[in-house]
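What follows is a set of structures for review.
In what follows, chain A forms one complex with chain B and a second complex with chain C.
So, the complex of A and B:
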């Protein structure tokens, strides 16, 4: 964490945040500023030693978000091509998570207003969806098919054109 | 994912999908379908279902040419020789959703079906006299 503080430049102050399950985290102010919610709290002098409580973000995703923000704040301005490439590699590796963590990151990044992370998680989720049949997507994301057989038949018929090229081996839906 | 994503986040995800995957997504479950339908993410009326070829009008040519890729399926011919009259060799005046407007017919070159346009209204007299002037 100390190295990250040095990298972050002007702001050396550490901001404390508390997860919904009571775990404390610290990050440089520049990193916290990447979250719209945290930035407003800091501007309103709500960042004290007790830490800013994040009621809907659990420790596991919060640890990831602190990592993401710290890395991105440290590399926020005047990037060389190599640094930009490195940051891209960091993002690609960072978002290689299971679907439960991806879900937590989507919700938490949206709640905390971390734009870059939101985009990253949204794109990753969209990439997981595309190229799959509805049944494969239900499996990937643990979704229960709540259509009645009649509804399912109707919607499959309506969207039949979407499957004309892929032609999955078994039934479409 | 054990719980359902908030609608706004789900909509943002689905917005990143090409129409084909969006249509497939609406078959996953009711909440996905509701987001796709409710936010009009999939504009089927704007979709180009397939592209078999392109008609081009050349200056100096009396008829339109069809460019198409070689295909193993049923090829679509740019020759509209199934039409009853000379219209087989005329310019495509306009087009919409794969239908062609010719001088006297509306034609679907893919299905080789056509209908004749109703006769033109008689020319307006005032216009004619104006022309004479």
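So, the complex of A and C:
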């Protein structure tokens, strides 16, 4: 990633990408390089004026990803403490999205190979799941309970230890 | 986003429709095995996802149920490549385990190996801090595919 950023320092070329629903976006090459898929396409000279088509990423999440990559590419090396803090704040605000967008970002970041964003979205999802009952999580994420009452009882019995303990002793973890 | 991803067939696309490897990453970030295991009660598509990322850090005196459940989960899912169990209390595998690697760190407790067939697919067995009582026999019938046995920092007594 560092090498990619260095390269980008010399080149101000803009890379065009096209969402699955036909919207065009532009970002600096350094930003595009944060995506493994785009980097490979650029290396293979597939980045032309028509734009790189991203068949499974719609415009809404793609706009967010372009934002994320542009911000992170501009700030990826030799960060001062203040800049690192600012980037952290950016990330925290960036990932304050509804669960539909979170799902789209998880899929798109995974597809495009944007590691930092994948981690951010995964952590955010885990934070939303943490400390909630199954019922609350179903509600948050729109999960339909398709167990029969008997099955549900069986699972709760099978994993009884998991439902009884809220937190193991911290010194052992 | 293309909406052909409705794996659980509930008519909408959501978290449950993510590929298992992404879901496993999410559950691994929950920090505790019991928190991951609780997602087994969400819906059918979630029932065994947590077993892809076993990270047993659950300790409770005289309670081997997480370990037993891990063995059970491992037998229920063929997704697990590595099953690492760290328990300072006890560990007994009573169910058939398909994991290829088992690491047991036992805080100098005794280990009695389960009967033949339980670890039918085990290729690597690593034992740490184990107290061996008397002779410990490992024969081909117990661990037919074992390729690597590692015993570290253990005692005999």
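The definition used in the following text is that the second predicted complex is superposed on the first by the 155 of 173 C-alpha atoms of A that agree within 3 Å, B and C clash if a C-alpha of one lies under 4 Å from a C-alpha of the other, contacts with A are read in each partner's own complex, and residues count from 1 in each chain.
Methods note: a residue touches a chain if its C-beta (ideal position, glycine included) is under 8 Å from a C-beta of that chain, and two chains touch if they have at least 3 such contacts.
Everything quoted here is computed from the prediction, not taken from an experiment.
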{"item": "Chain C versus chain B on the shared chain A, clash or fit after superposition", "value": "clash"}
{"item": "Chain B versus chain C as contact partner of A:56, first or second or both or neither", "value": "second"}
{"item": "Residue contacts on chain A - larger count, chain B or chain C", "value": "C"}
{"item": "First (chain B), second (chain C), both or neither touched by A:81", "value": "neither"}
{"item": "Chain B/chain C common contact set on chain A", "value": "99-100, 103, 106-107, 110, 118, 122-123, 125-126, 129-130, 134, 137-138, 141-147, 152, 155-156, 159, 161-163, 165, 172-173"}
{"item": "Residues of chain C that touch chain A when the two form their complex", "value": "1-2, 5, 8, 10, 12-19, 22, 25-27, 29-35, 37-44, 46-47, 57-60, 63, 65-66, 69, 72, 88"}
{"item": "Chain B residues within the chain A interface of the complex", "value": "1-3, 5-6, 8-9, 12-14, 16-21, 23-30, 32-33, 49"}
{"item": "Chain A - residues contacting chain B, complex", "value": "99-100, 102-103, 106-107, 110, 118, 122-123, 125-126, 129-134, 137-138, 141-147, 152, 155-156, 159, 161-163, 165, 172-173"}
{"item": "Contacting residues of chain A [partner chain C, same complex]", "value": "20, 55-58, 60-61, 99-100, 103-104, 106-108, 110, 118, 122-123, 125-126, 129-130, 134, 137-138, 141-147, 152, 155-156, 158-163, 165, 167-169, 172-173"}
